[in-house]
Structures are given as structure tokens and as C-alpha cells.
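You will see chain A twice below: alongside chain B first, and alongside chain C after that.
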Partner chain A sequence: MARYFSIFLTFARACLVRDMTFRANFVLECLTSLGWMSMNLAFYLLVFQFTPEIGKGTGWTREPFFAFVATGLIINSIVQALFMPSAEELTEMVRTGGLDGVLVQPLDAQFLLSMHRVDFSSFANGLVGVGLLGWAVSRMDHTPPATAWLLYPFLILCGVAILYALVIMLAAATILLGRNQSLYDFWFYLTNFSRYPAEIYAGPWGGPLRALCTFVIPILLVVNVPARVIALPLEGQAWGLVWLAVTAAMASLVVSRIVFQTALAKYRSASS
Partner chain B sequence: MSRAAATPLLPGLRAWWTMLVICLEERLAYRGDFILGTAMRFLPIVTQVFLWTAVFAATTRSDIAGYSRTDIVAYYLLTMVTRAFSSMPGLAGGIARSVRDGSIKKYLVQPVDYVSFLLAARIAHKLVYYAVALIPFGVVFVICRGYFPPVPDAATIAVFTLSLVLSFLLGFFMEATLGMLGFWFLEVSSIIFAYMLVQYLLSGHMFPLDMLAGVPTGLAGVSVADVVRWLPFEYTAYFPAAVWLGKIRGAELARSLAIETAWVVVMAVACRVAWWRGTRRYSAFGG
Partner chain C sequence: MHNSSGDARTVAAVIEVEDLAKSYRVFDKPEGLAASVKSLFHRPSRTVEALKGVSLTVGRGEFVALLGPNGAGKTTFLKLLSGIITPTRGTARVLGHVPWERADDFRRRFALVMGQKNQLWWDLPAAESFRLHREIYRIEPGRFERTRDELVDLLGVRKLVLQPVRDLSLGERMKLELVAALLHEPEVLFLDEPTIGLDVVAQHALHQFLAHIQVERRMTIVLTTHYMKDVAALCHRAIVITDGSILYDGSLDQIVDRFTTHKIVTLDLDGTPTAADFAHLGFPCEVRGPRVTLRIDRQRIADVLPEILRGRQVRDVSVEDVPLEEIVAALFRSGAAGAARAPAEARA
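Then we have the complex of A and B:
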């Protein structure tokens, strides 16, 4: 484990050196990333011009909702920085046969393929997320208890674990399909479901969708559980969701590992 | 350096047909990836439908900026159709990349017009996309038929169709022009990303632009929506959808169509000028 951590630090250092070599590009990437985020925040502000709450009686008024958005920013920035750059490279590696070189290394293939690139500019959104969280929490009617603050970082990690498992399974799909240029799109579209409170998925279509995205592909637990713990009173159903998020995180990691290993076993080299 | 050969009509058409067939075959080479990508495009709209349903549930308003709950759902579904015409995934990035890696030089020495080739490739791309997307689009529209107002009259349908064709051309020429900035800048990915941001916000893809009517610009009596109306972006998503829903009629409709046509001409000329000037300053070395 220590060896892998040390190797990861070496990868991260190399990526940081690379980013700092092209500082202007790094700053530009941070700015574009912040631009995308600002645009979404502007959209949410516009929505709250027309309604006091997202869903009647849900408790997701403006400030709690922005705490929700901030939580999403933090989780997504971690995943975008640590895992997505490597996963995106995989799509071309499978098609061109570059994956062969990884498979003969004396290291775990999943580790190498999912963590060899770190995109430091993606952390910019996370930092803004922390600031936004502070702003939203300071303006909320309800003050989060100490338990909520203790659980919050742990649940953030659970959310990251669920998304990591999803990235790994999409990477496995790449290996099986031969090419998966849609990987990033699929990631974007799927994580889209996690961008809003679970309560919006109601009614004859929303109920089953909510169940599907909670118990089968637990994407709704990623942001909802930590955000609910910090932004809404920690009582009753919230504890059940905490346990569900922890269980889903562990199960996702195990399933993704099995799926990835199975896909690797089916890999046929594309190189000559 | 560019040399557009003066081709007689029949061989010219044959070249177009060949380009179309090549691109069709290329699109179908990785069918799994393509079908997956097509089906996934419906996912974001699902969240938007639920979001706005939740918004309407929590407010006492019967409409927001003139849109009822059903209007909003219909609007998002119609922007999906519009975006299917106007979005050009990979076009600008592909042009910039071929300038950077030098592969564009083959179009400079062959009797093939690069812009025409790109247009044929994009038409092929869209044809395959529509063939694949027809089924999921049909299913979604049948399921959601209750959200739509009655089918508009033939004139409105004709204007809607025309606006879709124009949105395809506008999207193509805007992105192609953007890609040709690669002749002047080594890396254009950040410019493309910035364009996509502006495009997503101001095209109406994110929300009906009528919602900006109440957002002031600082100029007396001028809202953000008034400014956006003169920009090309809204014609790539908002305008055709608003036409179908009957939100734009009469003189305003004629004026909007004229603005859209003018933007298509401006961007087509800009694309040609960028190509001529770009290829004049372009230099390639080695094999």
C-alpha cells in the first residue's frame, strides 16, 4: 500500500511539474473550469427568482440548496482531478494498443490506468465549493451540529468512492467496446442526476427512477447524503441514508473491481 | 496555397457523394460507441423535466416567463431536436488538430475543397445520427405528447423546418470558423471551451431565454434578452423551439428569421476568409 502511495505521489509530482511548466495554460484551465461553474450558479440564482424552494416542503430553499451545490462541486472536483484524466486516456490506449504497455508493468493495472494523471486545475472548483459551502452554511436558519461536521468529510469520501467505481466501470466498457469516445459524455450525463436533490424525482416516473439511481446505480447518494447531513436537520431518515451511502460505496468499489478485471481478461491487443 | 478546382457539375456531385459515403462508413465503424452516445443525450433532459416540475410544485405561479410547466417540458424536448441539427461535436477541435499536426496539407494538394469536405462529412454524420436517434426521439416524443400544444399550422411547421436547416448551417460555419483559428493559435481548446460555455448559456439550451427578459443590462429599458436576440447563439437552440411553441409570431418571426439568415451568411463568409487567409500563412515541413 505504501509503495502504491509513493508511486501515486511521484505521478502527482510529475503532473504538477508539467502543469507549472505551462503556467498560462494552467491558469486558463482554472478559469474555464470556474466559468462553467459560475454559469451553473447563475442558472440556479435565476431559478430562485421564480421559486422559494426546489420541491414543495423539501427544505431545499436557497441557502441549503447552495450548500448542496457546493458539496457537488467539492466531490466532482476531486474525481475530475484524480481519476478522469487517466480514464479519458484509456479510450485511445485501448484502440491503439497502448494498453499493452501498462499490462506488462509490475503494478496493478487498475491503479496505473486510473491514477497516473492528476489534473490540478480541477481543484479550483473544489476550492470555490468550500467557499460557497461556508457562505451557505453561515446564512442557513439551521446550524449543523458537530456530528454533521464529523460525518461530512467521511461522506464526501464515500461519494468520491461511488464515482470512482463508476469511472472504472465506464473504463471497462471502453475495453469491451473497443472504443468509447462517449465515455466523458456518459460520465457527464450520468452525474447530471446527482446534481439535484433526490426529492425532485417524484411521481409515477420519478419514484422508480429515484429507486434505480439509489439502489442500482447509487448516483443519487453521492451528493445528496453529505449535503443533507450538513444542510438539513440530522434526524430520522438521514441516518438510514448515511448507512446506505457507506454500504453503497463499499459495494461499488468491489463490483467495479470485478467488472474491470473481467473486461481486462477479454482484452485483445490492437497493436502489431 | 489553397486551390479550389473548377469542377463540372457531374464530377463535382460525384466527389460529394463519395465524401458522403466515406463519412457514413466511418461513422458506422464503431457502432456500439455511436449508439451509446446517441441514447445518452436524452439523460440531461430528464433531470431538467424533474427540476422544473419541482420548481412549479413549490411556487404559486401558473407560468414562468410565459411558460407553463408543460410548455417548459415541451421546450426542452424541442431544443433537443434543434441541438441535433446545430451541434457539431468535434468539428472545431478536429480542424485545429489537423492544422497543428499537419494533416491538413493533404487538402491543399488535392482537388478537394476542405470546407465542402467538412460540410459533406457533417451531413453524413447527421444522417447517421438521425437514423439512429429516430427511434429514441420517437419514443420520447410519443410518451411526452401530452406536454405539447396542438400541432401548429403548415406555415409554422415550414418556418420551423427552415429554422432547423439554418441552425445546422449556422452551427457548422460558427464551429468551422472557430477551428480555423488554429492557423493563428497553436492551441485553441480553451477558446473552444469558452465558446461552448457562452453557447450553452445564450443559446437557450439551459433555459428558455424569455426568462432573461427581466434581467436588466444597466441600459434603460434594455434587458439581457433584448441583447441576446441580436447574437447568433439563440438561433442554434431557442429560436426553432420557440417557433414551434408559438412564442414568436408575425413581424417578430420575420425579423428573427432575417437575423438568423444574416448570421449564416456572415459566418459562411468568415469561414471562407479564415480558410483563405489561414492557408496563406500556413507552412508545413517534412513528409
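Then we have the complex of A and C:
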């Protein structure tokens, strides 16, 4: 484990050196990312001009909701910074045969393929997320207990693990199909579901959708569970969701590992 | 420069392959819009046999050339031996490991260099890739620095390791690729067209380096190439693959002996010779200015040469084998797999 961490740090260092080589590009990426996030926040502020709460009696008033948004920003920035750049590169590696060079190295291929690129500019959103979380929590009606603060980073990791597993399964599909750009678009659409409180998925079609995105593809647990723990009172149903998030994270990692190994065994390499 | 190990195969087998085959299912993409729409529902496919039951053994310290036309199965063979892909049937052991099980212990002991694929980080100096390599292969720092310095000095690229890879020429990049591949001191090196696109100076530098490093480290090297200069400079043994099968497996000298019936005699004469002057000999003759080229039956060289030289003012004369390219090209075309295969005793 220590060796893998050391290798990851070497990757991260190399990526930082590269990013520093193209400083203007790095700054532009940070600004683009922050601009997109600012527009989203402005949109939510507009929404709260017309309603005090997202769903009557749900508890998602303005400040808790912004704690929710901040949690989403933190989780997504980690995934975008650590895993997505490598996953996006995988399509090209499979198409051109660059994956061959990875498979001959004495390291776990999943680790190499999913963590060899780090996009430091994506951490900018995460930092803003941390600031937004501090602002929102300080203005909330209730103060999160110490248990919530202890659980929060752990559940953030669970959320990251679920998204990572999803990325890995899409990477596996890339290896099997040879080209898979549309499935990364699918990832974007799917993760959109995680950006809103689960309570909005109600009614005759919302209920089944919520069940699907909780138990089959547990995307709704990614942001909802850590955000709920920190922004809403930690009682009753919240504990059940905590266990569900932990179980879903572990199950997702195991399933994604199996799928990825199966795909690697079927890799056929590109012609030279 | 030839392998100095004599017959290494009688020592320890580093690569053992038995009936190795690989086939792919490929889809045909019909032409036109209507056919493309139809192919959404039904895509015609066929099976391509890239390798058809290859068997061979390579001993420690051998430098083996894999020759064959494009699509013959050479790279597929290397990919199987490297564990990148899994075979359809057959067995292989490299350094005692089944390659496609991808054991770390196996992957630490060999290296693969592909002339058409860049494995160094494109935007960074090679030194950064070397550092990463040290971490991945767990090379002890002292040993890493010693090996790196030795390799960059041998290849004359010390000044280039701090330059971004994207700014280097193809030849410089290939030298640094080789340095990266050899940092962990592999016992087996697979080279897939390492000199492709390189100028003659860079090719020569790589030949010298590979010949030196192979002898120095007693490394087993399998090389695929289309350049006969690579083969002649480096390899003692050549394996010719066409259409997924081994057509010839034996020494380079034997290729010449077995598959050519004549030698090329070149004369530089005073005056202006004509083809008619040599017609009575009965051998193909080509005349360009004072230079005459004759293709003479190998068995008759000793008898015919004095007759050619007699009474002529000869400035220079040379007797050479038919170029290896020509022989191998003829071999590729022949496709006579069974008939052409060298007998086992000839290979020993």
C-alpha cells in the first residue's frame, strides 16, 4: 500500500510539473471551472428567492441546501481531479494500443489506469466547496454534532468510492468496446442525479427512479448521505442511510474490480 | 556483429512456446449509408487467425530476429510473450512464467519497447519518466543512478534527459525509450521495430548499443524488424513468420545457404564493357558504365571467376552473397512453409 501511495505521489508530482509547464492553461482551467460553479450557485440563489425550501418539510432550506451543494462540489472535485483525467485518456489508449505499455508494468493495471493523471485545477472547486460548507454550516439553525463531523469525511470517501467504481466500470466497457466516448457522456448524465436531494424524486415515476438510483446504481447515496449527516439532524432514517452508503461503496468497489479484471482478460490490443 | 554465445538454446530455455495460436473476430464495415444502418442490426464478421500454432524455444543470451511481412503475426507473437493478450490455444512460458497471468515477478524481469508507441511522458523530460520507472520497478536508488548513467552515456543522450520528450527527434526519443526500458535490468527484452523511421546514423548507434548491452548483460532479445541491416548487425538466429506460421527458423548464414543458388560478382573495369562481352558465360549480367554485375551459380564461382578476370584490366572486384532483403522477400513470397523449414539438427 505504501508503495502504491509513493507511486501515486510520483504521478501527482509529474502532473504538477506538467501543469506548471503550461501555466496559462492551468489558470484558464481553474477559471473555467470556477466560472461554471459560480453560475450554478447563482442559479440556486435565484431559486431560493421564490421558495424557502426544496420540497415541503424536507429540511432542505437555503443554508442546508448550500451545504449539500458544497458536499457535491467537494466529492466531484476529488473525482474530477484524481480519476476522470485518467479515465478519459483510456479511450485513446485502448484505440491506439497505448494500454499495452501499462499492462507490461509490474503494478496493478487498475491502479495505473485510473490514477496516473491528476488534474490539479479541479481541486479549485473543492476548495470553494470547503469554504461554502463553512459558510452554510455557520448559518444553519442547528449545529452539527461531533459525530456528524467524524462521519462526514468518511462518507465523503464512500461517495468518492461509488463514483470511482462507476468510472472503473465505464473504463472496463472502453476496453471491451475499443471506443466509448458516449458512455462518458452517460456518466455525466447519470451523476447529474446525484446533484439534488433525494426527496425531489417522488411521485409515480420519481419513486422507482429513486429506488433505482439508490439500490441498483447507488448514485443518490454519493452526495445525499454525507450532506444529510452534516446539514440535517442525525436521527432515525439517517443512520440507515449511513450503513447503506458504506455497504454500497464496498459492493461497488468489489463489482467494479471484477468487471475490470474480466475486461482486461479480454483485451485484444490495437494493431501496431 | 553476431551473438557470441554459440548455441544458447542448449543452455537454459528462457522462452518456451508450444502450439501458440491467436485468432480474432473482426467485423466487416460495409460501405454506404444503407449498409451502415443495416449493420446496426447485423454485422458480418469473420475470424482472422493471426498466429496458427507456433512452437519454438529461445535460450538465455540469444538475440533472435522475428521477420515477416506486415500482418504476418510477429507483433501478435510479441504481445503474447509479453502477456498483453491471451492466446486462443497453446502454451508459453517466459522466464518460467505464463505471460498472460501477468505476475509482477515476471513483469519485473522483462521489457518491451515498441518503435511505434511512445511510453515516455510526452510533455515532461525523460528524467521524470525514469524517476517513475524507479518507483514502479522498485529499483534501489544507488543501482538506479548507476544504471541510468551507464545507459545515457552509452547512448550519448546525457544532455537530453532534462529536455521535454516532445522536443526530441525520433532517434533521440527511441534512445531514451531504450534507457527507460533497461533501467530495471531486464533479463528478456522484446523489441518491436525499434529502428522504424530512424536515419542510418541513429540506426547504427542503436545497433552498437544493443549489441554491446546484450553481450554485457547476457540478455535474451527478441527483435521484430523490417530492416535486414538490423538483423545482419545483431542477430545470429532468424525466425521467418508468414501468415501466422513459422516459415524458417535457423541461423542467418543458413538462410543464405539454403535459399540462394548464386552469388553476385561485381567488376569495375577499364574501358566500356558491354553485356555481350559476358554473354558466353550464360549468367544474368547488368552493365552500368565501367561496372559489370553478374549473378553466378555458387557452385561454379571458383571455375568461372578466373575466366572472367583473364585478359581484362580490372580495377576492383567483389564477390558477395545475394542481399538478405532479397532472400527474405523471396521467402515471404514463397509461402512454402513446410518445405522451407530448417531441419532441427541444422538449428542445433
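Quick note on the criterion: the second predicted complex is superposed on the first by the 270 of 272 C-alpha atoms of A that agree within 3 Å, B and C clash if a C-alpha of one lies under 4 Å from a C-alpha of the other, contacts with A are read in each partner's own complex, and residues count from 1 in each chain.
To be clear about the criterion, a residue touches a chain if its C-beta (ideal position, glycine included) is under 8 Å from a C-beta of that chain, and two chains touch if they have at least 3 such contacts.
From a predicted model like this one, the values you see are computed outputs, not experimental measurements.
Chemist: On chain A, do chain B and chain C fit together or clash when superposed?
Modeler: fit
Chemist: A:V47 in the overlay: touching chain B, chain C, both, or neither? Say first, second, both or neither.
Modeler: first
Chemist: Name the contact category of A:I200: first (chain B only), second (chain C only), both, or neither.
Modeler: In the superposition, A:I200 touches chain B alone.
Chemist: Look at A:W36 in the shared chain and tell me whether it touches chain B only, chain C only, both, or neither; answer first, second, both or neither.
Modeler: Touch status of A:W36: first partner only.
Chemist: Mind working out whether A:G134 is in touch with chain B, chain C, both or neither, as first, second, both or neither?
Modeler: neither
Chemist: May I ask you to decide whether A:P145 touches chain B, chain C, both, or neither, giving the answer as first, second, both or neither?
Modeler: neither
Chemist: Given the touch rule stated above, what does A:Y189 touch, chain B (first), chain C (second), both, or neither?
Modeler: Touch status of A:Y189: first partner only.
Chemist: In this superposed model, does chain C or chain B come into contact with more residues of chain A?
Modeler: B
Chemist: Can you work out, in whole Å, how close the C-alpha atoms of chain B and chain C get once everything is superposed?
Modeler: 6
Chemist: Share the list of chain A residues that count as touching for chain B in one structure and for chain C in the other.
Modeler: Looking at chain A, the two contact sets are disjoint.
Chemist: Which chain A residues qualify as touching chain B in the complex?
Modeler: 25, 28-29, 32, 35-36, 39, 42-43, 46-47, 49-58, 177-182, 185-186, 189-190, 192-193, 195-196, 199-203, 206, 209
Chemist: So in the complex, which bits of chain B are touching chain A?
Modeler: It is residues 30, 32-33, 36-37, 40-41, 43-44, 46-47, 50-51, 53-59, 61, 64-65, 187, 190, 193-194, 197, 200-201, 206-207, 211, 214-215 of chain B that touch chain A.
Chemist: If we count contacts the way the header does, which residues on chain A are in touch with chain C in the complex?
Modeler: 3, 6-7, 10-11, 14, 17-18, 21-22, 96-98, 100-101, 103-107, 109, 265, 267-269, 271-272
Chemist: Going by the contact rule at the top, pick out the chain C residues touching chain A in the complex.
Modeler: Of all residues in chain C, those touching chain A are 24, 75, 79, 82-86, 102, 104-105, 107-108, 110-112, 114, 116-117, 119, 121, 123-124, 128, 131-132, 135-138, 164, 192-193.
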